[in-house]
Structure formats: structure tokens, C-alpha cells
């Protein structure tokens, strides 16, 4: 089993970020009660910045997912905020994606709950009425990449270590169909076919060329660029923009909604296989050893 | 309400073209009985040039739409003509798109009649058996852009004022799903998503890059380029080319045909809203003031 | 009838290759019993190279199709081989595509049998569990192009005479819907629309730009490049890659499978028309005259 193939990337990110975790939370005005999701509101501008703070690598634990979903729901229902910037509180890693520990050594009910939360996050992001801009200030594989693909615009820091992509095959697993749909909607069928089969992680220049991101800027300009992009989008009448966004994306989310339970069952039965569990355990062990 | 946002563009076009309207109709051999649609036939070549002549901005009034539809129908049924060039008789504006006055202060029956005519024009253009080439010799927003997108090939004059795009959101309205389908078929899903949400109007170089047009040439070469393109397409056996075109496009028009009445009802009920009517009135007032 | 339009290309290929046929079969280790399909296995690497050897132009005769299908089936069922390179044993022509003699002067049962074999080849190629790389070392029109489009990756020799494309309209015929689907999945809707209507044959630089091929390399590096590409793909866990490939392509093959008989009937009734038969006969006569 080849879950090991992606080890390098994640381990390096994990180790490096472990030492940077102390730098978290220096960015002032947090009002959220969450521990893992910092919200920096700018009510005057109508913009909120969501900062992922789930050290060391912002992996999507069930707890982090839940906080993110609640946070997005609150902002969605608060007319003050029309635009949201998604970014990491730990420059260097945007998000490592799904948390392998949620998918290993637990029971089917837990796997089902976890997968439903992953679905829910995507459903919230992909057809949000708000303008979502990803300020990608670190590596963004797998589920991390999916979050940015679900935004309206993606700004990536120009750092060769900040690769983005859906690299599931490298771990021996398969991106679900709605990851595929999100990617195909972004970079087209042929590029998706190649990227998904090879589990490609694109460095900035290639990410821009293939369309995984819309803009690559120097690392210290990621947030300001995201802000100026969101300001441009805010100039459009909300109602017309929202209906247009829905017209472009709703068919894709409807497709998951109508087979949501089946998708959960698929995930649970796939992840419960002995061979997959064994691979995940080995992989997690190796991550631990490398870390210590 | 932000109908005002697009004011600049349209007003400038309107004012400028008002003064150029006197230049209309200098182009010889018209045989059509229409007043707003000049047809210059070249029977030997099998090509007809349709020139929009609905000053000041070739907006799609019901009368103009009707003449265009009849003109296309006649050419379609006349075996002499295998190719058509669509262009403007008033260089500077290709077409400003839908006429706001047809959508304001009238009764539901009028709105329904108007919308059916807009649908009909698109249905006639998009799956025409003839080769259609747009010689875009002026600005081409909204419905004007849709007409060119429905052709087989688009040549745009290299003038920074000649922007093309579906800018409906700037007026607070939403492009119907078949505008979307036509755009997605031309520039893909991601570029459409961004262009439609932001109501982007692309200047020539950007229009070429994103695929809104196939070629950008100096202003005085637009017509000759369109002619040489159409000559290339005429070299293909008609029957095989027509079946191929139908294979590529018929699913898209079938999609409107099967929900045509619902689409009309949607339009009528949207446009009849007090808020929309008020916005359109204000917008038209401002256009008038600016003009005088 | 304009079947004559494509004459130049095919004739030139046919005449030239007729004289080169003597060079066939110099490439060592063949183990296949086929006469028209050479298989060079590299069991250690898990790779087999399939060389088309149906002189003069590797046209898809029923016999050649049958051998190809059997060969692919054997490799598919042999766990030793995870990747396959498709190439021509006669540099200069990859494959001229469908064989006109199979579609002319025969009875409906023969046409049906022939078309079913063409479908079968595509179904085998497009969703093969193996990694397929096309090493395109010669011209590749129509059905030849379809074979390469059905692979996972395409490497084209940088020779201006090696054009690739679905040029059916030039012969007065129409590519079937599954040729269209394969092309749209590769180069998108708009580029397909233009390429299919005009029957475009792209020289290497243009083929690369539009996405008909993934890489253009000097002629003597085609095979080594294909090998290094396949090695990259082999690094991905088979099971995950295969499921991902199926997720991207199965809907497209399912679409043919569910209307396979109707597609055969369409072909038979189209090809049986007097006008089409007359055109094909004239075309074949001209090919013969030119050759002698």
C-alpha cells in the first residue's frame, strides 16, 4: 500500500509547523468563542477574515470542522458581512486537509459523523451567499485545497514550498466525486483527469498556469491582495451576484445533496476496510516517529 | 439598487453614437425591406452581410428583434446564402443589448412578447445551418455580446473602447441560464463564473485571452478578416459541417426549448417587481439627462 | 460531394509509406501471434509497447481492429503489465484511421460488424485499467487521432507533417458523438466545436497549444519520453489511480454503451446511402490511381 508516498510533504509541513505553533494568535481582535477558528471582523468594510488555528497543520479534525461550519453559518446569517477571507493563522501551512486520525481506529458511527461534517463544510463554502476569497499563505494539499477551490477567488503566496492540489491518490485513496466536480469546474476536465490521477501538487507558477489559483503574489502581499479583490467583488449588487453564483454552482451541490447518505455509506465502508485501516495506521505511526 | 453602475459605458456609447447616426446607410447595395437591418448580399460568394442599424446604440427593441429574426429566417431558407457576417452599421457600437424601455412601464403581456423574441433570436442564431461570423466593430455588452457568442467565430476590432461581456449583474439583473450556457460553451466554467458574477466587460486583448473572441484585428480589417474566415469555413462540405454544429449545440438550445414558457414566466415576474421597475425607471431617467 | 478534400494528406502518407513498409519489424522481441500488432513486453518494468503494423498506413481494417482488441484484452488481464505505449511500427504514419474499404461495397451486416469493432476498440482504450501513453510518431488523422485521445497522455514527434485531428468533415462525414465526447473531454467545448466543424488537422505546435497532445519532442525522443512519462504514472498506487480514472471517464463510455445498438444502426444506415457509397467509391478510386 502506498500511503507512504506522500509522507515527505506532510511530515515536513508537520515538523516545521510544530515549531511555529507558538506564533499563533498574535493577530489581535478576535471575537469568536472558537478556539480553532479566529475571526477578525471589519464591520465597516463588511468583511471578516477567518484564520485557521488548529496547530500544527490545520488538519480538518471533527472539532475544527465543526467550529468552521458554525463560524460560516454565523457570518452567513449576519447581514453585516458580505465578504470573507479564508487564511491560516500559521503561515507555512494553509491546511493539510482531512485528519487521518479521524479516519483510523474509530467506529463506523464516528466515520459517518466525520464525513457528514466534511460534506457540510463544502456545502457551506461552495454556495455561500458571501464572497469568499482564499488567501493561501502556506501548503494546501487535499482537503485544504478543496476549501480554497470552493471560494470565489484564490490568491497564493509565491513560495515554492506552498504547493496546492488534490493529492489523494498518493495516499492510496480516491477523491470523492464532489471534489472532482469542484476541480473540473475550476480547471476543466482534461487538467483534472491528469491532476487527480497523478495526485499532482502544483507549486505557485504551475498552479497559476493550470488555473488552480487566480493570482500568485509575494508572501507579504497575500492578505492585502485578497482584500483588494474582495473590494472589487463587493462593488457588484449582492442580489444579482448571489443569484448568478447560485446559477453557476447549485447544480453541483444539489448533486451531492441528493446522494449524500450514499456518499457517507461509501466512505464508511471504504475506510473501514482492513487494508485501508492498516495503511492509515502505518502512515500515522511513521508521521509520529518522524516528528519525535 | 445598483443599476447605475453600468451607466458610464452605456451613456458614453449612447451619446457618441447619437452624433454618428447620420453616417448610417452609406454602404451600398441594400435589398432588404427592413429599416433596422441592412442586408448586403453577395450571391456569387454565398455570403450575406447583416448590418445592425437601430441608432443610436443598436439596442434590441422589439421591432429590431423582429426584423432581425425575419431576416435570419429568410436567409436560412434561401439556399444561395451559406454564410452570414453580423456587424454594425454604426462603427463604435456593435449592439448595446436588450432595450430597457421594453422592460419598463409596460404590461406583462408586452414583457412576455418581448422575452419570447429575445429567446427566438438566440435560437435562430445558435443553431443556424449557416456559418455565422461576428465582425464586432464596436462595444458589445450584454445581449450584444450574446449575439456574437452565438456565432461560429468572432472577430473584434482592436479598440480599447470596444469592450465585450455579459455585464448583467452591473445593472442588478441576472443573465438567464441560456446566456450562461452559451458563455460556458465558449470560455469554460471557471472563466464564466467570474465573468458573470463580476459582470466583466473585456477590452480586446483580455477578450482574446479568455476566449470571448477568436481574433483581434485593426479596426479597418474587421470586415475583410470576417470574410476570409467565412471563406475558410465555406470550404467544408455543408451537410457534414451542419450535422457537426448541431451535434455540438443542439442540446443547449433543446434545454431552453423544453422550458421556454417557464423562462418567459420567470422573466415577466422578475421584471414586474416594483423594485426592479423603480430601478429601471431611475436608470432610464439618468440616461436621458446625460444625453440632453 | 467533398470526400476529395482530404485526399492530399492521406495519399501522400499512403504513397510514402508504401515504400517504407519494408522497414517494418526490425524491432526485436515480438511475442504476439498477431501479424498486425507487434507487442514488445518489458515484464520487469511492467510496460508493454504495442506497435501498429498494418501497412501502408495502419488503417483500421476489421482484421487490424480485431487483433488490437484481443491484444489489449490480453494485456488487461495480465497483472504483469500496468502500462502500455501505443506507437506505430512505421514512423511517418501513426494511423490513418478507419479503413474506407470496410465501409464501401459491403453489406449492412459487415458495416454493423465493423462499427461494433470500432466502438469496442474505443471502449477498451478509454477506460483501460492500464496506463496508456500514445507515442505519436507519424500523422494521426480521424480514427488514429481518436486512439491517441483515448490514452492517458500523448507525446507527439515534432515533425510538421505529423498532423493530428478529427478531420471527418473534410471527407463529408460526421464524427460520432463519442468521438466528440472524447475530444471535448480533452480540449474543451469551444475548441472542439471549431476543430470538428472545420475538420482541423493540427501540426505539432498548434496541437500542443490547443491541448490535442500533452508534449511535443524531437522525433528520436518520442519513445523515451513516453517511457519516462509512463514511469511517472506507474509511481501512483494502481487501485487509487484506476478508480480515479474510472470516475473521470466512465460516464462517457456508459453513454455509448447504453445506446450502442442505435449508434450501430445510425452508422449502417448513413454509410449505406447511395450518395455516401458513390463518394467513397470515387475517393478510393482516386487513392488507387494516385498510388499506381
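Going in written order, the chains are labelled A, B and C, and every chain counts its residues from 1.
We adopt the following convention: a contact is a pair of C-beta atoms (placed from the backbone, for glycine too) under 8 Å apart; a residue touches a chain by one contact, two chains touch by 3 or more.
This structure is a prediction, so every number in the text was calculated from the model and none was measured.
S.K.: Between copies chain A and chain C, what's the superposition rotation on C-alpha atoms, in steps of 5 degrees?
M.R.: 120
S.K.: Compare the two sides of the chain A and chain B interface and say whether they are made mostly of the same residue numbers, over half shared, or of different ones.
M.R.: Different-residue interface.
S.K.: Could you give the separation in Å between the centres of chain A and chain B, each centre being the mean of its C-alpha atoms?
M.R.: Between these chains, centre-to-centre, one finds 40 Å.
S.K.: Taking each residue of chain A in turn, which ones touch at least two of the other chains?
M.R.: Counting only residues that touch two or more other chains, chain A contributes 188.
S.K.: Quick check: in the complex, which residue numbers of chain A touch chain C?
M.R.: Those residues of chain A that touch chain C are 1-2, 5, 168-175, 177, 180, 188-190, 192-194, 196-199.
S.K.: Under the touch definition given earlier, write down the residues of chain C that touch chain A in their complex.
M.R.: Answer in residue numbers: 152-153, 184-188, 211, 214, 232-233, 235-237, 239-241, 243-245, 247-249.
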